[in-house]
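Order as written gives the chain letters A, B, C and D; numbering starts at 1 within each chain.
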């Protein structure tokens, strides 16, 4: 059982980031896409924590940043959900491919 | 004499035009405005002569300078020398004639005159500005009015022509802009001031880049081959006054720019490029002439002949001897008056016969002796008849070009001399088919020119004859200025 | 020293007439314009004669040599130091002589036209144009500056254009005036380039200086000019030849003569003035003006002048024998006579006895002006009477037109070179000069003179004798339409000119006009002039046999040498050649392609740019797919692309 | 402290005032709108007084005279919006909320401009983005509106994800997030470049620089006109300002890198924006692409990397606010009267509405950079600033792009002035405030250029 180092964490966060990106690209359900974005944000959080712990342990910038990100993410999600609900009202579906009226 | 007057008069006229109630007021206001311009131009001319008589040898007279955007070293710097005066006189003549000719424009009269006046404003500003930035400013001011004039009051495929004109001219000015920036940043001191730049050293490689940009940029305005293609379409679909302004004033902006900006400031590069310029202009001269020979539409004939005639301007500049450059300026003035008059006459004819096809006309001299006579005069002027302005200008260009002793320029000169014959061919064809021959019965009831048309024609004819019979005053006006440019160029003086 | 002002008035009065009648004529001087023009010209004729008298007998001669005086000269347009167009007056034998000729003939024509052109709708315009022409011609002859002469050269060209096209609603007239202008214009370009070359080498445009520079072998302009050679010929010769091309164009020398016959579309008095007496000899005058340069510095160019003249004289004479339009016959005879003058100059040398040709040429110019103008005016009277130019419509008119008949006869005798009429003396001198210097040309000239006599009398007989004068194509009643010969106004000039044609020969011309200004004794060799006179008479008798009585001999002969006859009748197909060159070659091979190129290539490129831009913009619109996920993909792609670019490629 | 944060405090005050008024009910839209307009006007005027420079919260917040000026320019823009779209505001029943959202977004931008620290920057950026997404959805009953909002929120969430990832990397590489300390630690290692690219992408997204621009057109088209104009003018301006200060100050050490990046993207942006604009029929979409092209020009100015670059960009933004708002104002006038928002619907507009037509013409000429309108000067100074680095190829491309843009601007001019139309738009009644707004814009378009002291003031 080895002690997890910076690189393990960075690897995980990178993985999370790309999973999130992948989800955002492929999912057709708006809420799922939103969740994928959350994944991305979380990978960022992981980054901050890791950097803070392993590289710059004497300053707490990273930790604070993380806290703010979580808060903002919540706000963003709230507005996004509202918009999605409204979209559901008008389009009767939350499938991203039904909302491609405007193009070119 | 305060040069601001030259800018303020059109400006106030334009404003006044906008305030007028009905068309008649508009016409009269703009006529008065144009008349004032003419008076001012002459006042300026005489003031200038007196200054020179009094021995004032300063390069530019009546200079005024205000700070404008000091951060960019831009200053509102005005001043005139002989060349500018010549062009200003030309503008004044064409403007008043244009105003008179378009007397019976009924559609959106107010806007029409507003745009005309705006155009003249641009021209005046361009000719008197000694700061490259404001020069460029006025150059571009003059573009959009043309677009609207053609697009709204034009005929034929007007949208297409208007677009083509606006875009090509804009393209030209875009090149000019880049060239100007190049000069601005590479001059020893950052400045747009023409006089300073002309005296300061600009690195050779910069000149090599900037000169073509500037020359082609301005060349587009003055129908430099192969960038002339807006000319035929633009002129042919413009309203009469529009074509007059286009060919009479706007094309001269280019020539003036080529001489005053490109050749004057970047004189080292100018010498290196003179061969190319000469080749292009000779092509323009002959090719334009031959292309004209094939045209059936009077406006196209005059437009293509403009390409040929403006070729002489560029040839004169390209030859870069004092005489040839003087000739170039003279040709600008002469061609301006002449082609404006030609378009005016064509407009009068078209308004009566409702056709511009030479083959459909004939014998018009019988029904409209005045218009017919003017048509003869302008035609003969165009084919370079002594006693009319065209001859003087072209001969000066030839003499100047011949001063260059090398075989190449000799051949170029001879080739361009040949265009005189071709010109005679197409001009006579046009005139004889239109005015002479048996009168077609459908024209049996046509009427001669009205007072405004007569006045317009007479004003321009007077100008043409004044230059043609007494060229020395124009020559004395222009020579000192070209002399200075020549000294900048320092081309080996001809052996004589 | 002469008084410049009244010499200047000689050309300026007609100009005043032109301006006045041109602007106000059709309004105020509808009928009086003729009188005005004539009076003005009368004054300047008087002044011209006065000048001539003054020059020849008072101040002109300084110790035995006639001077080149320049009483008036001001700078009109200065190109560069020393090179400037001056408007000036030069007074020397030839210019004075020309002043007299031009004003006199022009006056005759003015008077004649009072009768001939009466009742024309554009009567004032006609006189205005006459004034313009007279002004330009006078300005031309007194030019002190080679560019000034070019200016007036163009002006006479245009006034002839206007006068030929006087009947502007007649398509043939329109075509003719166009042709005349363009052909001469073409020649003028040669002239212009010649001027450019000469002025470049001599460093001046002023005649006196120019001649001085180019004739003094040690002057540096001369050296460079002689040294600089192109295609093995010295630049000076090129310059002179080019100038001569200009002259040839105006003087209708072969092969630039094609415009002259057509020019007969103009009113007959105009043909008399412009296309017989004055303008067409401008070319001769030009060569005479530059004669020292030709003779001293470039004999080659001068011999070209000689041969061109001789050939033209010959060809014109042959063609003239076959034409049936009387004015055309006269036109070709004009061409032939000018040919004489040209080759007279061509065979001449500069100075002394050698310069006989020069004197002869000028002399012939003088006499020719008289009798040729007379011929034309006579022909005018005939046409005026019979309303046709065709010989076949005429005949036996001597009963109806007695005065015309006599004067015409005198003129014919003069041109045929029958002593003691004017033509005889001048032609003798020419032949003598040719005989002395150039046998080939002499023989050509001799044959030509025979032909001349023949075709002139062919003309004379078929107009006034031939078939008896009873009903003519115009049918009866023409007598009532025109009371005889058209009144005093038309007869008076005929008589005056006839006197000139008869008597002018007795003027001791060599005393006044010679190549170097010194008096030249033209002695008279009887034995020499036997042959030409005999030939002349022979020609006359042949003509009499063939044409005095109506018969079919002429057709027989024509048939017998049909090939030559046809060729000559069709003017040796020169017009057709020109037509081919202009129409087929210039228009189809240069004009059309140029127009096409402009329309499709140059313009095409511009449009192409526009359309391509639009096409591209249409093509790439799919990028904006409206799929939010694709947007994100582009986003990430952009990020990664930039990252790679700037981390690995563009450090 | 108070005067340093004056602008923020004022805006906050207005927001709360609106909140209370809204809760207080019983106020009609018209009077409410009037109140708002007055408040905003006061806010704008106040912007000229009591300006103090300073730094707060240990460098998280900074204020300089230039920053104050920038904020005030944005104030002006918001005030104009409140004038121009009055007819639409009066109709919508949630008008106060709209203003609250808009003002909070504005507040966010203020903090954005004066942020001195990546954390502050991030917060401000989100604050300036999220409300706009809500604003985009304000035509609740329109399908397009919600689609636009959806696209906006999702893409911006994604981009903020990327941004944050970049920030985290920077933090990892340098250990600091404060603008003042970063330059010392930056030395262009690959990791930093990567981080910078992420950051840059976020900016590019907000400025809608190719290839991060794709959301722009759809959102502009779908969102209500007021939102669109706010997006295209105000938020662009704000981001451009902070973008410049970040590049010039923070990433100073990496200038070589970002100069090339800016150049490439600027060329791409101009070309793509123009090419797309050529084809558009819908005015909003058309203006969207044209504004993308404009951003390309702004980048030219930015690329100079010197003081001129900054001032010319600020100057251009000012002009751009006038021109673009004027265009949107005319468009909304037509749209609110006739419900048409296509270029072809404007055919023959001049016959019936000369005033609107002239304003539109002025606006478009200014956007195309035709003298004597201010746009000419703006564009010219941008180009001049760009040329100071001496890459003429770049400048030539920019100059040639002006031609393409001229082509499509002229398309509208042509429709308005030249094309015949049997039933042109009938005479449009414009209420007073809109007229006032349009007049202000027109005056601005004409005068800002000719009066050179304005530019000097910015400097």
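We adopt the following convention: a contact is a pair of C-beta atoms (placed from the backbone, for glycine too) under 8 Å apart; a residue touches a chain by one contact, two chains touch by 3 or more.
None of these values were measured; they are calculated from a predicted model.
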{"item": "Partner chains that subunit C and subunit D have in common", "value": "A, B"}
{"item": "A-C compared against B-C, more contacting pairs", "value": "B-C"}
{"item": "Central subunit by CA centre of mass proxy", "value": "B"}
{"item": "Centre-to-centre distance between subunit C and subunit A (centres being mean Cα positions), rounded to whole Å", "value": "98"}
{"item": "Subunit A and subunit B: spacing of chain centres that average the CA atoms, whole Å", "value": "66"}
{"item": "Centroid distance [mean C-alpha coordinates] between subunit C and subunit B, Å", "value": "36"}
{"item": "Geometric centre distance via CA averages, subunit D-subunit A, whole Å", "value": "27"}
{"item": "Residues of subunit A engaged with two or more neighbouring chains", "value": "24, 33, 96, 99-104"}
{"item": "Contacts with 2+ other chains: residues of subunit D", "value": "150-151, 154, 158, 162, 217-218, 279, 407"}
{"item": "Touching two or more other chains - residue numbers and ranges from subunit C", "value": "610, 621, 624, 626, 628, 632, 636"}
{"item": "Chains that touch, pairwise", "value": "A-C, A-D, B-C, B-D, C-D"}
{"item": "Subunit D-touching residues of subunit C, taken from the complex the two chains share", "value": "610, 613-614, 616-618, 620-621, 623-624, 626, 628, 630-632, 634-639, 642-643, 646-647, 650"}
{"item": "Complex contact set, residues of subunit C against subunit A", "value": "621-622, 624-629, 632-633, 636"}
{"item": "Touching residues on subunit D, where the partner in the complex is subunit A", "value": "118-119, 122-123, 126, 130, 133-134, 137, 140-144, 146-151, 153-154, 157-158, 160-162, 164-165, 167-169, 171-172, 175-177, 217-218, 221-222, 279, 285"}
{"item": "Partner subunit C, residues of subunit B touching it in the complex", "value": "164, 167-168, 226, 228-229, 232-233, 287, 290-291, 293-295, 304, 322-323, 363, 365-366, 369, 380, 383-387, 391-392, 395-396, 398-400, 402-403, 405, 413-414, 417-418, 420-421, 424-425, 428-429, 432, 435-439, 471-472, 475, 494-496"}
{"item": "Of subunit D, residues touching subunit C in the complex", "value": "150-151, 154-155, 158-159, 162, 190, 193-194, 197-198, 200-201, 204-205, 211-212, 214-215, 217-218, 257, 260-261, 272, 275-276, 278-279, 404, 407"}
